[in-house]
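Listed after this line are the structures, all set down as structure tokens.
Common to both upcoming complexes is subunit A, partnered first by subunit B, then by subunit C.
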Partner chain A sequence: MVSQATTESILIADDNLVDRTILSKIVRQSGYSVVQAKDGVEALELYAQHSPRIVLLDALMPRLDGFAVAREIKNSPAGEFTSVVFLTSLTAADELASCVNAGGDDFLSKPYNKVILQAKLRALQRVQDLHSKMQQQSSELRKHNVHLVQEQEAAKAMFDSVATRGFLDAPYINYLLSPLAVFNGDVLMAAPTPRETLMLLLGDFTGHGLTASIGAMPLSEIFYGMAQKGFSVSDIVHECNRKLNSILPIGYFCCAIVAELDFRKQTINYWNGGLPPGFLIRPGAEATVTLEPEHLPLGVLPSTRISVVPKVIEAHPGDRLILTTDGIIEAQNLEGEQFGYERFAEEIAEPHEKCIEHLLAEVQEHMGEQSRDDDFTMAEITMQSPETAQVQFDSKSLEGELGADVWRSTYELRDCSLKQFNPLPMLVRLLMHCPSLNAHVGDIQIVLSELYSNALEHGVLGLDSTLKQSATGFQQYYEQRAARLESIKGSVFFEFDCDARQPEGILKIRVTDSGDGFDFRQCGGPNAKGNLGYHGRGLSLLSDLCHQVQHEGSGNTVSAEMHWETGH
Partner chain B sequence: MSELSNEQDAVANAAADLDRQALAELQDLLEEDFVGLLEEFIDSSEQGAADLVEHIELLNYDALRRGAHSLKGSALNIGAPNLGARWSALEDAAVENATMKQLESLLQPARIELEQTTDTLRKEFFSG
Partner chain C sequence: MSVSSNIATDGNSLVIQVEGRFDFSEHEAFRQCYELQGNKPDRFVVDLRQTSYLDSSALGMLLLLRDYAGGDEASVEIINCSQDVKKIFSISNFDQLFAIH
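This part shows the complex of A and B:
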């Protein structure tokens, strides 16, 4: 296929002129051009010059015999395939064997028979055609592969920028995410919220390859976008599920755990859809808490059918939260035995400075020779005090339209909306329209969130906060909360009055609930900043952040006043 | 080796037993080159046979084997299977390192067969 565009050439090497002449004649009649050599050395020279794809070789020739020529041709590095046919009247088995050993593809015995020879040439030509087709395809395959690798590298770069982002560098977060995460679809994300809590998402998309990771892009956008705007675990789960349900093909989904670590309240709110149980390991005698998967993975159910109510557990400084995808648990050894959930639980229960490294070493030992760490994802977060957590929120990201320094607004949320809708992100954005308040978004989030949960839980739902003082009561409290939310009736009414024209800005927030209220005058006298003596109402935290906080009316209204420096 | 003397007697008049069909096909295939090919066959076979005498004298088995092998091939191709068989016997004997006497006793009838073959070919195909 080198020079002869129309006629393929065939090399005939035979020292006997008579035989060579007869053979050449037959080959020419079959439509090939012929190159003739009278010995082995000449054969190799002509082979190099003409690169024939078919070579007919006499076994016994002067200077260099046919075996040596065949070996030389078969060993030549050229990508093209050359068929070698031995011309022989050799009949002894061991001599024929030497022909095969030297790389012979066929034999042709004397006297030459035109019909047989032409049949053989056609067969060899078919082999040649197949081979060049294969060569062509494999070269195309190589090109495709190069292209694919490039695409995968680009995808990996994008994926890495979304799969592990945000707050994962915090000193109390350790994590292991495979460098090949793009191919197994594991994602780990962490973001501080305006409430100064830490929002986490560990996800494992079904399948492998690019399809597994493509859903990570919208997931990441939703997660970071919503976390920084102060949306709750429920809101984030709901939206991630809605998005993945609408974009992922049937059969594709994302097992995920979304957790909010509140270092101030010392709680973890979590929702686990299909991931292995997480662990909250408490130093000392206290029992380990598992974060069981109680929901279907993200993307499976339509919005109307998914339950997004999170679980709440207590978590104190020093407690370790450990989350993992199924890669480690399902790691198999040569006998097909899995590392297993129990062993995973045992290994992480022991306090270990480098828990993840320790575990990884154990898993690799378990797997033995077939060790590979391309499917191992886990995260270990040690609970902090609010001071050491340092969940600082970058308020710049929330800057909206500027300029509303003096304004008033009211907003009322009623009945089933109290269950379905979290008004806080929207209200925070409303408040952020006052430019100088932006720097205080964290405090405002906390104040609003406290006021709202107080109004909702103690006011509308009538829950008793003293329950939360014991561990069993804590659980009971949240179970009651979930139950009562189901049939909630009532309202929460917000009033805002903002004036930021003076050097000291004033924001008044009044929150009134439809509950029965209580006789706050009986519950201890007013303290320095207001009348909040009743710690059980959980509002003492507000005293630190507000200029004044007090109960009004029948105890179902709380008003808080915040002061700040406007810079005016 | 009584056969040998019989054959020697027969040399003068006996026509070689040739494969007529093969010859006809060759003629067909080679057309105007056919006679040239026969001449080449006759010349190279006579030369080759003369070389074999020398190889036997020197007991050069390898050269003998190659020479007989080559002669055998062209004899078969030209349509002279009996001649091919003679050369083949000599080739085998060379491979087996036969004695000089054995080799000479095989060469002799082969040369007679060659002579008959060339005679027949000349008579039949060379005009004038």
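This part shows the complex of A and C:
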């Protein structure tokens, strides 16, 4: 203690020379150096000069008394803590109290008792040590905090650039993303696909803040990368799950819904892993459809065990798709009551110009003074006609470097691979090696996916397309499709013949399936226009986009020819 | 302390009770009550009779317990769930991973 205190100085202010000398002697014996002042004004000057951490003050002094000096010292802005002890021959309780009221930390009565004085000095030193330790720690904390905030801000800037970019500005998409902390565990992404559909992902990572957001980076890269290359909902879910399962620690996962809105076919393909059911609200009397969570969240199961088969529902222009994470539903009021799923369903069922704003106001009213403890995220997408949807795909991203103008290729997909593998992204990329075809990637995607799904569903799987004419049959159709895929046997054979050397390019695509075919001559052929019901959309679309489409052989081969301006 | 545990009368099941809100603030307490057992029990039972609410980080903690208990071979039962808590398990489809009663 003593050795530690040797460099410390103590200021003693007393107008009485004898008292001052006695006190100085005792203080020096305790190992301090001493600075002496004979009145209040000199005390303040020496205080400013030496910055002692302990000041011993006579209460009554000429020029400026001890009370004024104490107030001055305590009010000085310096960060260090100064202990002020009054030296007094006063004995009345209220006079002693006034010493403390003026800012004194203690008092010493004259005449001085050496033992008590030295004990008090040790006590004051302990307070000093404690205080400087606190100062040091709080300055370290401040530094850490500044650093943390900087890092969070940088991370947030990165996160924001991936969490909500893409196609969310489309006029028929309304959304609310309100972060709880600096960071938000919720992500909402939308991307147009080459087949001119809209791919959506709403995700909710476990917990909040930085840890919750780390998984958002790879998720967004995978989502946008795959959506723009034309991968399906199943492919995207599979890859997102695989990635999150491999990088997130156990116990961290992402509840998510991935949905593909096809404005042309008027369908929504979706996969819901652990998010509250979404709603498809149909104007008029038609019943609302819910998009139930049927799967575990992304990142929980290894790839080998996750089911990625999406559900398909019909969705017509004007229908509203509403997706939300659990924040709004679980918002509590002061009594601990949740806003609740039923109330959520009621509120959104009412047609409202500003559905989200209305709902948010309702939730805030419900919560009252209660503070929020989860993210509020919600999206409302109104189904469009293909014309108003304007899902324009930016084909620049797919441009090949050197290009091949004249080539042929065949590709056959067989048996269980028909269930596991989606060949379209790969085939589209193959076709994009012809540079002048890049501008037509949307049409090509649509043609290829129609040809392929016809070959797979009606050819190999033998599904009856007339089933899709009724709403109940529509469901039945997709149930049968899923069931038959399980034990699929057969093949789909693609042949491509591309020649883009002339001003008008020609691409011939032939797709042959292993199915029984059908009597296409009886069916009026694919060129028949008009209202063909749900099942007719695919083929009449093909004849719109192609120069020529025809069935061949026993009806199990379709050939399509596309023409375009090559610019040569 | 709103997380407690005891060995069931059969001697090799650990019963963990969670009282009140089951969320991230219980992370340490929950983990410790199964990790600090001398002999690793064969079965784990999470009793949510007193649990009013659980959030996604609680689901995460249950996944950690499942992993500790042996992953796919684990025997982890979740009992006495309220309707609200059951709903959370059914939305997240955790009933595919745990025996929930």
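Here is the rule we use: the second predicted complex is superposed on the first by the 454 of 568 C-alpha atoms of A that agree within 3 Å, B and C clash if a C-alpha of one lies under 4 Å from a C-alpha of the other, contacts with A are read in each partner's own complex, and residues count from 1 in each chain.
Criterion: contacts are C-beta pairs under 8 Å (C-beta built on N, C-alpha and C of every residue); 3 or more make two chains touch, one makes a residue touch a chain.
All values reported here derive from a predicted model rather than from experimental measurement.
Touching A:Asp204, do we find subunit B (first), subunit C (second), both, or neither?
After superposition on chain A, A:Asp204 lies in contact with subunit C alone.
Counting residues of subunit A touched by each partner, does subunit B or subunit C come out ahead?
C
For A:Leu17, is the partner it touches subunit B (first), subunit C (second), both, or none of the two (neither)?
first
Is A:Gly403 touching anything from subunit B or subunit C once the two structures are fitted on A? First, second, both or neither.
neither
Examine A:Pro276 and indicate which partner it touches, taking first as subunit B and second as subunit C; both and neither are also allowed.
In the superposition, A:Pro276 contacts subunit C only.
Is A:Phe253 touching the first partner subunit B, the second partner subunit C, both, or neither of them?
A:Phe253: touches subunit C, not subunit B.
State whether A:Glu294 touches subunit B only (first), subunit C only (second), both chains, or neither.
A:Glu294 sits against subunit C, while subunit B stays out of touch.
May I ask you to decide whether A:Pro171 touches subunit B, subunit C, both, or neither, giving the answer as first, second, both or neither?
Neither partner.
Shared contact residues on subunit A, subunit B side and subunit C side combined as an intersection?
none
With touch defined as at the start, can you tell me which subunit A residues reach subunit C in the complex?
It is residues 204, 206-207, 250-253, 255, 273-277, 293-297, 300, 326, 330, 336, 338, 341, 374 of subunit A that touch subunit C.
Can you list the residues on subunit A that touch subunit B in the complex?
Residue list for subunit A touching subunit B: 15-19, 21-22, 25-26, 29, 58, 60, 62, 87, 89, 110-112, 114.
Which stretch or stretches of subunit C touch subunit A in the complex?
Subunit C reaches subunit A through residues 24, 52-53, 55-57, 59-61, 63-64, 67, 84, 87, 91-94, 96-97.
Could you pull out which subunit B residues touch subunit A in their complex?
Of all residues in subunit B, those touching subunit A are 22, 25-26, 29-30, 33, 37, 40-41, 44, 65-66, 69-70, 72-74, 76-79, 84, 88.
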